[in-house]
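In what follows, chain A forms one complex with chain B and a second complex with chain C.
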Partner chain A sequence: MSENMNEIKSQSAEELKKKADATGAKALEILIEEEAEGVVAEFPNSGALLEAAEKIRNAGYKRFEVYSPFPIHGMDDAMGLKQSPLGFIVFAAGSIGCIGALLLQWWTSAVDYPVVYSGKPLFALPAFIPITFELTVILCGFTAVVGMFALNRMPRFYHPMFYSENFSKKAGDDGFFAAIFVWDEKFNVREVKQFFQNIGGKNIEIIHRPLEAELAQQN
Partner chain B sequence: MSMETATLKQEHRNGHHHVYVPEPELINDKPRFKTITDIISGVPEGKMPRLWWILFGISFALMAMYLAVITYLIWKGIGIWGNNTTVGWAWDITNFVWWVGIGHAGTLISAVLFLFRQKWRTSINRFSEAMTIFAVICAGMFPLIHMGRIWHAYWFLPLPNSMQMWVNFRSPLMWDVFAISTYLSVSIMFWYVGLIPDLATMRDRAKPGIRKTLLGLFSLGWRGGNRQWRHYERAYMILAGLSTPLVLSVHTIVSFDFATSVIPGWHTTIFPPYFVAGAIFSGFAMVMTLVIITYWMFPQIKQIINERHIDNMNKIIMVTGMMVGYAYGCEFFIAWYSGNPYEASIFIKRATGPYWWAYWSMITCNVIIPQIFWIKSMRTNLAVSFIVSIFVNIGMWFERFVITVTSLSQDYLPSSWKYFNPTIYDVACFVGSIGLFMTLFLLFLRYMPMVAMSEVKGVLPHANPHHPDHELNGHGNGHAHEQHRAEKVAELATKNGGR
Partner chain C sequence: MSAENFKLTGESKFGVIALGVGVAGVAASVAGLFIDHKTFYFAYLVAFMFWMAIALGGLFFTLIHHLVGAEWSIVIRRIPETLASAIPMMAILFIPIVLGMHDLYEWSHEEAVAHDELLKHKSAWLNPMWFTIRAYIYFGIWTFIAWTLYKASLDQDGGKDVTEKMRSVSAPSMIVFALSITAAAFDWLMSLDPHWFSTIFGVYFFAGSWWTTLACVVLLSMYLRGKSKLGEVMTIEHYHDLGKLMFGFTVFWTYIAFSQFMLIWYGNIPEETIWYKHRWEHGWQYVSMFLFIGHFVLPFLVLIFRASKRSFTVMKIVASWFLLMEFVDLYWLIMPTFTIVNPDAHHGLHFSWQHLTTFVGIGGLFLWFVWNRLTSASIVPVGDPRIEASIHLKNA
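What follows is the complex of A and B.
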């Protein structure tokens, strides 16, 4: 979703100014449409958002996202998302942890520094189980967290969504939002706005960087 | 349960997920999502009450004393403790096991109850996870300072060194190093992952400034998009799945410290389950103590942590208390049944010997006092719960003292029998560690969301996308759903022949 971000080339300040002069009063509106990063709409509750997600998907949009203050049961299916691959990544890491731990204990205790303690054999598998288990768990744990960050592209401190004041205010509290982004092939600002209106979205907003402020600075 | 509900539940089990299945209320008064955010975020955003400052002052002073005593201990050596040649492990190991055990309830609540889909856990899991981390920190201090030469602590790690030696992986003390450090790391990761959405919520509420910047930094740009939730939920599930066997392994390994030796009273196979049950018992008692202290400071959280949570926790305290009581009985039975005179003698001495007072304090606090929870009105009474939780904390400390000290003080050779007397430094280290624990806990209440907001919101009835009553969200209406549900019920009724 974010990899295409760089494709959106922002216009230089001079270009902006030229356009603003040329088009007069409606300059800002046109600019906002040109510079749109997506359109966001608010929905009243989790049920409405689930229905909206299904409708967006059925309308053929791919680069869209729904936002909620808690995970909504059934949303992955509604959006047509596959299961997260994290489980497989963690399994691989766990296997490495398990084998690595056994190798470490075998090599240090039986090969490099063979000393008999309390009559146990040099390679004492039962005595090696606890540490094998712990190292498996810790490798799995680290991978689960780091893997989740990587799959979620975290940390990422800037995202167009944060330009919307309404979104920033409510997303973590009690707001349910859906957004379709400019990097969707079907994206067209006006069509998407209309589409959100048709499916019952409220507070529909074009997401854009603070162009008002930029323009004010120029003038 | 009404017949209608029963039918709907049946339908749910058959895999028709699009029917809303009502569940008992977890939270009083059906709050709106916003109410949850306001109550929880409101605590760190607001001023701390007077009681917080009083408790913080005391805790901080104790922590300062703890650091001073540790400094002196490292300077002088562990001879300042009461440990002697016979009783080589005493309060240090007692404290260590006590603190690790306390930590276990946090993981139980956050991971095991999560896997069992116990939704009531969401009100107390953040809380208890924080408690776990602080308890494990306190626990880890004791083996470290018990080493005496703390600057050699890294010798416990399998690092290549100029002596060309390797650590002994066949020693339970080595297992302990790995178990405790894994436990601490995984607990911190689990806690932090759970915190991310809530930190983002608080970031969005904060006014621009250092606080907002820090919250923004630690919430890693979380937006709550479903593509994020998808991986997040999977990671959370995996961490819960890992923590569950981990928590069992940690106290099992702690019990191996004792069980793999040949000291009478230690060398028993019952130790791992017995230790784990005791750990959960003492941990729930500590969660109870902390919840009630938090009630006094922030009465507004009663809306989120209510009598039902207190009731459930007290039930677990009673059940695990009886498990521990059973283990005490079982130990005696096996001591007699095994026909081993050393084993029998140590148990008779525990109950009637020089440490009888510790043994009977343990039995009173752990087995007898929690029996009051058979009465429902006692389980929901805050004063009773608080007093019982304190008794359990004391009783579980005595349990570890009894195990560690009685077995060592009178072993196979009567000429080396010795009575253990603690010094002022033993007491100072123990009390100081409580200061460290409470300081960390109070700071947590001061700066962090003490309840997992996103999780509590997620288990509210109107969070379910098929809930008929979406009015509570503060927007729109859900009559369509209501109608849908009524139709569904009618349909089911005819299908089942009007049953």
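What follows is the complex of A and C.
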């Protein structure tokens, strides 16, 4: 908390008050708008969320995300996501597993410690296939899981969405959310709020740190 | 959505042509029977098993569809259902195999059994009477399951709520199906070489059967798209999913085929290895290699790419290739045993014009039957409560 406090030191209570007087708005609201990390809106169901995603993409936003308790078919297209590179990464890993397993068995059985088992050749390909298969599959499997997490930048301990109480309550249950984040080039708090209203978003919320508490402390 | 909408609209002579080709094929096959009955029965068995595999795969498709409550495959469900509905006709087409038992199966020769301890041992199971009864028990089971589900599906078109019924029929049916297809593969194919045995053989036949049916569904649906409104509800997404299954079961077939091979190769027991020995000499080694490349390597390399599964052209070519490879597979399973009952014959490939005549003969009748059923009902099971979700399928 103390670190956050330092961050908003530039916005001293006096300054805020001055601004608030000048604009006739509350100091907290100004602070929230300035420190916003994104705007989130709730949609009634998966179909509405799908439509919303398409509208957000068409409006030119790039850094946005949608959240639903279950996968929605067609969401990738609606969001304009490109094909994931995961398949190619997994294929590469699988190839390494395949070749690696063959080399390992060839080296151990035919080169480094050649022993004839039950009259089979030293490099007994049929007998090596199971290991080759398993190593291919296991590398594919691990790479798919680890790669999926890495490409999703997971696991992470912090995400601005966690500040929204409504989101935290419902995202894993029955809530369908769309959020546009501050790191989008087109991001503008008021415009995004208005935009979400236009496309039928409910419970529109600016995502921010618990500034109320910080402000109270400063005052 | 009404069933009338999804009846065939375009003119199609498919049924007439199929019947014509079928009858001509049967006539030529009958001629073949009189010219060279030994070759005829083997050629007939290959062709019969090919079309039987497609019908059984259709039955499996229907069962697994209901059992897992699949949504994506609802729009194409009528096609495998209809393929399976042809099983009673295959029961009639099985009669020549019963009649030709003596030309196909060594264990049906009394004098051979009398001098052979192992065959004597197996004769409780492998004898002509029990073989025939068993075959018709299988046909009875399959017909019962296939037609129960097919009729329920037609009732559903009329608005009857049968979703639960179809699922509860499918669960026990799947167990019965697994056991019966295994036994049928043992009886009809594995017993061609009655000294040899492989417990995985039934799964091997099943793997190829279901693999081929997927290809058959792809090809039939592509034809039907032009002749009905199927094209409006069956999109590239459905072909993508079929493609995934085709890819998956390419690997599955290979896994099973290799499992069978590796244990026998490793155990190195003559009575088991002889089966592969027969398929690795007198030109058969080229068929074996071709089978490995054509049934696994090529489909694997083509279907691994997403773009292939999402291309009508590629899917059409791959599906046609699948049908060819299933024929090669069955040819490779059956034909090397020709010399077991014909010890004086040469050990080579034995490719005869009779393979063609029996293939189009059975195939023509099979497709004629299937086509008649397809045209008599809606091409799409419009009564399924989840049909909308199936139409709007999207692959992530």
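Definition applied: the second predicted complex is superposed on the first by the 194 of 219 C-alpha atoms of A that agree within 3 Å, B and C clash if a C-alpha of one lies under 4 Å from a C-alpha of the other, contacts with A are read in each partner's own complex, and residues count from 1 in each chain.
We take it that a contact is a pair of C-beta atoms (placed from the backbone, for glycine too) under 8 Å apart; a residue touches a chain by one contact, two chains touch by 3 or more.
Quantities reported herein were computed from a predicted structural model and do not represent experimental measurements.
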### Message
Under the stated touch criterion, which partner chain does A:G80 make contact with: chain B (first), chain C (second), both, or neither?
### Response
neither
### Query
After lining up the shared chain so the two structures overlap, which partner does A:P130 touch, if you call chain B first and chain C second: first, second, both or neither?
both
### Task
Kindly classify A:P71 by the partners it touches after superposition: chain B alone (first), chain C alone (second), both, or neither?
both
### Task
Tell me which partner A:G119 touches in the superposition: chain B (first), chain C (second), both or neither.
second
### Message
After superposing on the shared chain, does chain C or chain B touch more chain A residues?
### Response
B
### Query
Which residues of chain A are in contact with chain B in one complex and with chain C in the other?
71, 73-76, 83, 87, 118, 120, 127, 130
## Note on the structure
Note: in the complex, chain C contacts chain A through residues 258, 261-262, 265-266, 268, 304, 306, 392-396
### Query
Which chain B residues qualify as touching chain A in the complex?
17, 32-34, 37, 158, 164-172, 174-175, 178-179, 181-182, 185-186, 189-190, 192-193, 197-198, 200-205, 216-217, 220-235, 238-239, 242, 245-246, 249, 253, 256, 453-455, 457-458, 462-467, 470, 473-476, 478, 481
### Message
Can you tell me which positions in chain A touch chain C when the two form their complex?
### Response
71, 73-77, 83, 87, 91, 118-120, 126-127, 129-130
#### Entry: chain A - residues contacting chain B, complex
1, 44-50, 53, 65-76, 79, 81, 83-84, 86-87, 90, 104-105, 108-109, 112-113, 115, 117-118, 120, 124, 127-128, 130-131, 133-135, 137-138, 140-142, 144-145, 147-149, 151-152, 154-159, 161-162, 168-169, 171-174, 176, 202
